[in-house]
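Worksheet: one structure, shown below.
Order as written gives the chain letters A, B and C; numbering starts at 1 within each chain.
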Amino acid sequence: MASASAPAPAPAPAPAFEYAPAPESRSVVDIAPSYGLFIDGEFTDAADGKVFKTISPSTEEVLSEVARAGAEDVDRAVKAARRAFEKWSALPGSERAKYLFRIARIIQERSRELAVLETLDNGKPIKETRDADLPLVAAHFFYYAGWADKLDHAGYGANPRPLGVAGQVIPWNFPLLMLAWKIAPALATGNTVVLKPAETTPLSALFFADICRQAGLPKGVVNIIPGYGEAGAALVEHPDVNKVAFTGSTAVGKAIARQVAGTHKKVTLELGGKGANIVFDDAPIDQAVEGIVTGIFFNQGQVCCAGSRLLVQESIQDELLESLKRRLSTLRLGDPLDKNTDIGAINSAEQLARITALADTGEAEGAERWSAPCDLPSSGYWFAPTLFTGVTQAHTVARDEIFGPVLSVLSFRTPDEAVAKANNTQYGLSAGIWTEKGSRILAVANKLRAGVIWANTFNKFDPTSPFGGYKESGYGREGGRHGLEAYLDV
Amino acid sequence: MSDRLTVLKTYKLYVGGKFPRSESGRVYEVTDSKDKWLANAPLSSRKDARDAVVAARKAFGAWSGATAYNRGQVLYRVAEMLEGRKSQFVHEVTHAEGLSKSKAADVVEAAIDRWVWYAGWTDKIAQIVGGANPVAGPFFNLSTPEPTGVVTVVAPQESSFLGLVSVIAPVIATGNTAVVIASEKSPLPALSLGEVLATSDLPGGVVNILTGRTREIAVPLASHQDVNAIDLTGADADLARDLEIAAADNLKRVLRPQPVDGTAADWSADPGTHRLTAFLEMKTVWHPTGTLGASGSAY
Amino acid sequence: MPTTAPAFADATASDGALRRFLHGLPGVDTVGLEARAASLGTRSVKTTSKAFAIDLAISMIDLTTLEGADTPGKVRALCAKGANPDPTDRTTPRVAAICVYPDMAQTAKEALAGTGIKVASVATAFPAGRAALPVKLADVRDAVEAGADEIDMVIDRGAFLSGHYLKVYEEIVAVKAECGDKARLKVIFETGELSTYDNIRRASWLGMLAGADFIKTSTGKVGVNATPPNTLLMLEAVRDFKAQTGIQIGVKPAGGIRTTKDAIKFLVLVNETVGEDWLTNEWFRFGASSLLNDLLMQRQKLSTGRYSGPDYVTVD
């Protein structure tokens, strides 16, 4: 700065305003070197002794070694859940409610620990786990806690009964939030649960097991069995499972639909998507840019309801793309534990390979590729925020779910064309509409074949609001009053 | 038992988040079920009632504007704080209502659970009583409940705590603010509840608790033009009619005393939702949806 | 500099044209704007970047006294403080300007001689702006003649809110002419009175079209002054204006910014909305008074490792 004798008031010298590293402390979470399966209130090894390693996708560091459930373990877990069901379902709703309220409060208390853990195991930025995942997780338990003693008022007739044992298989993109979406309504309605977290992100579910212990939840009500696809398949297939809830890929969803055919199992599937984010020429442009960024780069685009297709009215396309690129250039990619990181790591080598392959296809098919200028760390799995312009309905990147930070930009001329293109997909999970004109929002929303429509916002979630898809994005709704139906014998 | 002389508590009103004495400077003797002196309670005046309405009105904007989730958290927090002070309330209810210790404990536990029940309603009532209406035309049409405003609550005379909680919680769960007239004969649990509310993240003024002669306080509140509704639960038949007539002046919403079989309402029964819906307004919004283009084509 | 950017000459041809232009600007979604500002408010600025930000913020302050009770003594004290904010640490940068009423401009000018600190003077019947144009222009002339380097004018909010945009425009043009090449012009919108974000965006463009060198949120005399969302919105406006005309306009949030934490949030908004070009006191200012001492205490904390207290900074 200025010399001691004559401090200068003049324009400050211009080193850039770089933010110093601001890492969230890792010491708030204590990860054990190994974890067992959580069955009947106890941590236990897999019957065949198998284990697998879970790593931090941002550094490839091994975080812990986790027992890998097989068919025999699935059977043990289902039996434990069955044993627990009779008492659990017979409890007055007000007592079940209080267990869930306890869980919600303990999650709030331990939320920083869980946020750091989730960031380590998943690779997503601490900003997101801290400000989105964890608050939503606690809120979800809080919301369904309140339903436990109000089921008579939920619109399913008097005294609706639970189904029994719920087999639940969840993905790696929002590990703890997906757990909450599955377990909270199941327990509130009086079911017991066997849940299989994804093989790349088992840790937060195992920490949740400890929260169940702190809450005094009766043993066997919640069982957590980390493992791979074969454990999930065994769980779905188990004859004593009454309810199957799955969130994941459409391919696996279809396999599950075949597996349960001919049984009495109730099924909900929350699958892939190729959400259209439709921007009209009278949109609030700066907020639309933010919404596009949130829509596709939240959680590195590894979001089933991502707005992965940008449909922009041709008259503002150039202006919008310029703003979008400028904005993308300010995204900060890097250490997920840094509080200033906007874009974290891709969850696994496998997922990175898939994103890379689809992006390469986009290029090979003639779409124009643009990536935000940013340095990728040397270890871990990373993919720079990427745009494809000049995309048409015929391009693979406009049709296939990429599940990564890749946005395909298409244009339209009229509202009819926007709707036709938005609906021209096998999926139907989400869509966005950006316009200042209310009647256009409602008219377009009416015509869109998707389960969640965001207008002048994107990627908003709330426990009171049902979520789920049309068409090959699955069936059933999670969240809200509607989310109870999936766990009731109605 | 030691010979130590206990420190007696000075019971005070709870208004606007503070603990004032009655502006009148008056108190009255509160006795237990065997007429033994327990404490002196503030004998509120009409000016105390007026101050309470001002406080409740001031608190209404923020409380009704808070998210339902936030209100649910606050109500649950009340349950948490009460659980920690259970023995105090068991003690007070035992004296106030002449119950055995174990019966009083049941009552207090039911009151705690009642807060939990209503904590869960804050973000669900709109989903039960509101909803989309399929009007025959190109319109989006949605009905949503909103709190009615400042509610005067004449608390039950006999059930000094469970009854009290059962009439306060539903009023504030939906975003109303309350001016509560405690049981005339057994006001102490209500005044102690004020101390719990003050430490439960509940914004000052959302609940205001007055003690004294029910008629003296209720009459000016029933005719107060800035009060939107009145719950007559604790008023006897004569008073209830008088208050309802006064309330008609600005068309206050009135919740009449529920018909009771025998001596007292059964406050331990399933409370249902009528106490929530009694103090809600229903707002319906119309908005055109129209068609996509001038041609009216549906693409 | 041309009075109106040539690219938009048509827009100011008539009241109707100006109205159509301003109402044709993209709308602002309140929830989205506020969410973006809040999200940038979570940036964590620590250690070296915090030290950088604190010194930058100090150098951007228009240290202000705008009271009926102002005296030459008070103004001289403030000037001394601005020139030497922390007597215990001579590396502390000076503030950008001292902001006073026109009748104090000369006092400030004399007190600041040789420091390089600018004299900013409010004018045009600040803060209400309720006076006839000749009176406002006389006010400006007074200030400029007394040595003001910068004029902080208020717009006629009554005219703006009643839709007489051209009147507001012409008044700014007239004041700008009065400033000539002697003083830079800051145009205060009083965003708290304009009330809506759409209005703030329109006022920003109106001010820029009329030749403002700076656009400024508020007088500090009403309930709502500078906020992160309204400043973010104005930053977006100057960004877009530069993209379309090549002309750079400064931004000055004023009023209500009292802590280092607040100030750093505003600098983050600048950094991530318009970038380095604006990260200098040529183009970004804070209208503030108590902010300076908080920045100084934080600065002392960074250099000593101890939390400082109000007895270790000077009262002004």
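By definition in this document, contacts are C-beta pairs under 8 Å (C-beta built on N, C-alpha and C of every residue); 3 or more make two chains touch, one makes a residue touch a chain.
This is a predicted model, so every value here is computed, not measured.
**Q** What pattern do the touching chains form: line, ring, star, complete or other?
**A** It is a line, because the chains touch in a row without closing up.
**Q** As a test of understanding: of all chains, whose mean C-alpha position lies farthest from that of chain C?
**A** Result for the farthest chain: B.
**Q** Out of every possible chain pairing, which has the most C-beta contacts?
**A** Per chain pair, the contact count peaks at A-C.
**Q** Between chain B and chain C, what is the separation of their C-alpha centroids in Å?
**A** Centre-to-centre distance between chain B and chain C: 48 Å.
**Q** For chain A and chain C, let me know how many angstrom lie between their CA-based centres, rounded off.
**A** Going by mean C-alpha positions, chain A sits 43 Å from chain C.
**Q** When the centre of a chain is set as the mean of its C-alpha atoms, what distance in Å lies between chain A and chain B?
**A** The computed centroid separation for chain A versus chain B comes out at 40 Å.
**Q** I need the residues of chain B touching at least two other chains; which ones are they?
**A** There are none in chain B.
**Q** Hey, what residues on chain A touch two or more of the other chains?
**A** none
**Q** Which part of chain A faces chain C closely enough to touch in the complex?
**A** 1-2, 4-5, 7-12, 14-22, 127, 131, 282-287, 290-291, 330, 339-340, 436, 456-457
**Q** In their shared complex, at which residues does chain C touch chain A?
**A** On the chain C side, the touching residues are 26-29, 31-33, 35-36, 42-50, 52-53, 55-56, 59, 84, 90-96, 115-117, 236, 267, 271-272, 276, 279-282.
**Q** Considering the complex alone, what residue numbers of chain A touch chain B?
**A** These residues of chain A touch chain B: 94, 97-98, 101, 105, 139, 142-143, 145-150, 153-155, 414-417, 419-420, 438-440, 442-444, 446-447, 463-464, 480-481.
**Q** Touching chain A in the complex: which residues of chain B?
**A** The touching residues are 68-69, 72-73, 76, 80, 113, 116-117, 119-124, 127-128, 140, 273, 287-293, 297-299.
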